[in-house]
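Two complexes follow with chain A in common, the first pairing it with chain B and the second with chain C.
Moving on to the complex of A and B:
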């Protein structure tokens, strides 16, 4: 009896957490099936009408493609820069190291609204117009801290004699990096890439300051659309995003295992 | 003709000389241990040979060719690390095959040599396992196979046994020597464990503060230490003092220890105080006075420790402590109690003269 009670409490607690996390997703998914012209939960009637309706809104598709492009670019570049910076920081002592660590980590501390305003001013000063490149640069700055957190974690406790062993067997510096170092910190690097992708894909605050009428990311598109209309097409777009994320997660799980991706140390 | 030649090696880290003009020559096929306390420069020296640490001054010559300016991947040396350093993302087969793949050896040849190397370390059948699925001893064997499969010019072992438990350590060290002798590869074995070094080495280089104090066979190192450090570091010693009472000739002097006189084969000056070392196992004790060739003096047993095959007695004579290890076969330890009075003795040839001139 003594042991039972805490166990029941634990299960109750877990259930509450799951409900709290999953309920909004379920609500969105279900209300996208409503037959009404307005968003309602629980849905009235059952139809895929709002998914078909998307055909009449090519701007959502455009924005989706742009967001994917920006997120991919951000993820690729920021993972590359973040990984190399992490290696420098973990393994070498040099002048101004603390300054670099603080500088690179600062986007985590600055409110993204402030960061957005700063970027807007900076871009207009150097004359950079709203473009996918402008978005990617902004997002790289935003996501590098995430990449570094994860890669640094997988580098700490990295046994460097493994690299020495490879050198000893005849491998040059590049070989050692690509055949030994990178595969061993792979989980941290991939987790960093996924985080950057999601952060970039999801970003509204910073993008709001950079977008123009013809360069609009998906979150900004949804946001502006909702200011004028409030029909279930929003929920169908959101549902597609959710389903895509789930597919992404399943792929990662199949390829690597989520546990492995988020484990900080290689075993 | 020596195979490996270390000439005046110097390494400085942050203005401290870690290795100071180190010289050593090693013959082909020899197994030489670098033995010393931590911080004596043994690992630094090994890393200089492997190429992981730059040489500040001096030369490293292998088989007549200087190698100290080559990067580690061009030196053709096989190294076994303390923590095994296996590639965690590769199978046992791929770990061992890594060096062969880099040297562009054909697939069937690679396969043959890897399997051969794994057989040599008795790990046939483990090809598809990953390092984390193996025990520490097995991982170290894979590491040994990986180092030997490329037929390196030198085998470097960096404290390879220190992460294993005592029993496995003994088994592994015998296995290493056996493989080393079969392959006939020149080997350097870094260790801080003197028992290990004594057991397996052809020669031991005892290192202290960046220098080699003595490089000699295990027997010579133990029985004829050339410096005070070697006397104290290898095995255990008692330090005793004697006063020279009479010079009997070159290399023959009479000394007084604890009130008794003994003739010792040393050069001395009359009335000089001299330091000697004597190992605990070379002190005998008995309940009655011994014959005259061995100096015998009265001592009191302060403590007694039963150590299995032997018993250790902590003796006190003239306010100085002496440790004596006596085999339990020779003397029944039940006859001697703490507080007993005994006669302690040693043979003059067991005295190791100290270099400390007083």
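Moving on to the complex of A and C:
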């Protein structure tokens, strides 16, 4: 009995923290069902009217499509460039390697706000207007450090004798890369692609500086709408996002196993 | 000899071909913009064109000599410190709980702790603003319990920013502490128990010291992310609780005073770097301490 009490206290504390973690997400999901014209929790009445209302707000759909496009572009390019760089860093000897490793990791040390202002100024000088390409370039810089960390980790424990065997059997460099190397480092590369997609899709800070009136990503749309409007439409938009994330998670879990993705991030 | 040399140059060519894309994109869209912004921070402000062509250090002097702005620096650091401390205190038990759990439950708990990372930060902060608003859940509960008569101002305060920040950064700390907890050799703990130490003593003289590196690594990460974070203070603090990143945004994007915004930005980088260096100095010293014990 004497031993039980602290144990119960400990479990109670942990439960409170798990509730704390889920609280804002659950609140958004539940508030979206309110029948009132303002946001209230717990919701009053039960209706899907704020989901139907989205029909009158095509701008959210446009922003969603733009965000998906930008995130896909970022994820593809960032993963490709990151993989090439990782191969150079892990397998090649060259001067200035440490400098390049530090350069590539440095976006993590620069506050996104500062990078956003810098890009805004630079873009306006070279005359690059707000566009998906302008956003993708900014997001590549933000996501490269993550991709690198994941791909480098999967390259380090790589048994190169398999590649050697393939080459001895007459396979060319490209063939070895696509048929041997890539399948083996697959999990690192896919995890990198997923994390850069999420980072890009979620980015508010850098995008806030680059967007214009007709090129607006979803986080920026939600952020600006939230500051001037108080109707619950944001809760329905957010709920759809949360549900999409959950569906995406389940798919990833089925294909890769979540544990694996997170485990590789943790390295 | 000739052939060997040719082979070497070929290999080098390959290296630079692999590195070319990243160098182009980092030089043109990362280093150059930051360099130009640094130069801008030493220019004077001109209301019509934004940046006037005169050199000055006034932007930095103005910031560092005005008590209002220094107050914002202090608030930024204070919020980051509070966030770090609270995150350590609440993530340790959770990390412990998860690393003790087994099999399926462990996977689900890990997923539960990490899943917030996958949901948009804007949406999570928005959820907190619903919870903490004047007629939000927290105030309504407290009022129905009769603990307070009128709603407390929770939203747009330093408290709401810290709550949001802890929520956003918590998973990083848990991951970091879990990493060092799982590296502990179970035989060390058995040895301590065999020598007669109770669970409490084992925890404080074996487990805790061995996880200090994880705590430090996690806190460097949480501190540097929170000192420069923008989304959480912008949504949960707004103009009422200005921090440095918000100030830089406001100057550059709203008031269009780029030189001043740039100077604030570089001071923010400076403060973040200094604290990280100080932190790692403490870290080195404490690790020595652990080794001696």
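One rule holds in what follows: the second predicted complex is superposed on the first by the 245 of 267 C-alpha atoms of A that agree within 3 Å, B and C clash if a C-alpha of one lies under 4 Å from a C-alpha of the other, contacts with A are read in each partner's own complex, and residues count from 1 in each chain.
Methods note: a residue touches a chain if its C-beta (ideal position, glycine included) is under 8 Å from a C-beta of that chain, and two chains touch if they have at least 3 such contacts.
These figures come from a predicted structure and were not determined experimentally.
Q: Touching A:184, do we find chain B (first), chain C (second), both, or neither?
A: The answer is first: A:184 touches chain B but not chain C.
Q: Looking at A:90, would you say it contacts chain B, chain C, both, or neither? Reply first, second, both or neither.
A: After superposition on chain A, A:90 lies in contact with neither partner.
Q: Could you tell me if A:208 is touching chain B, chain C, both of them or neither one (first, second, both, neither)?
A: In the superposition, A:208 touches chain C alone.
Q: Is A:81 contacted by the first partner chain B, the second partner chain C, both or neither?
A: Only chain C; A:81 stays clear of chain B.
Q: Of the partners chain B and chain C, which touch A:170 in the superposed model: first, second, both, neither?
A: first
Q: On chain A, which partner's contacts cover more residues, chain B's or chain C's?
A: Residues of chain A touched, chain B against chain C: more for C.
Q: Considering only touches as defined above, state whether A:17 meets chain B (first), chain C (second), both or neither.
A: Once the two structures are laid over each other on A, A:17 reaches chain C alone.
Q: So, does A:72 touch the first partner chain B, the second partner chain C, both, or neither?
A: In the superposition, A:72 contacts neither chain B nor chain C.
Q: Under the contact rule defined above, give the chain A residues that sit at the interface with chain B and also at the interface with chain C.
A: Looking at chain A, the two contact sets intersect at 266.
Q: Taking the complex as given, what residues does chain A use to touch chain C?
A: These residues of chain A touch chain C: 10-11, 13-14, 17-18, 20-28, 31, 39-42, 80-82, 84-85, 87-88, 92, 94, 100, 103-104, 106-107, 109-122, 125, 137-138, 140-141, 144, 198, 201-202, 204-205, 208-209, 219, 222-223, 226, 234-235, 238, 241-242, 245, 249, 258-259, 262, 266.
Q: Could you pull out which chain A residues touch chain B in their complex?
A: 159, 161-162, 164-172, 175, 180, 183-184, 186, 266-267
Q: Taking the complex as given, what residues does chain C use to touch chain A?
A: Touching chain A from chain C are residues 11-12, 14-16, 18-19, 21-23, 25-26, 29-34, 36-37, 40, 90, 93-94, 97, 107, 109-116, 118-128, 130-131, 135-137, 167, 170, 175, 179, 224, 228-231, 234-235, 245, 248-249, 252-253, 258, 261-262, 265-266, 268-269, 272-273.
Q: Which bits of chain B are touching chain A when the two form their complex?
A: Going through chain B, the ones touching chain A are 50-52, 71-79, 81-83, 85-89, 98-99, 102-103, 132, 143, 146-147, 150.
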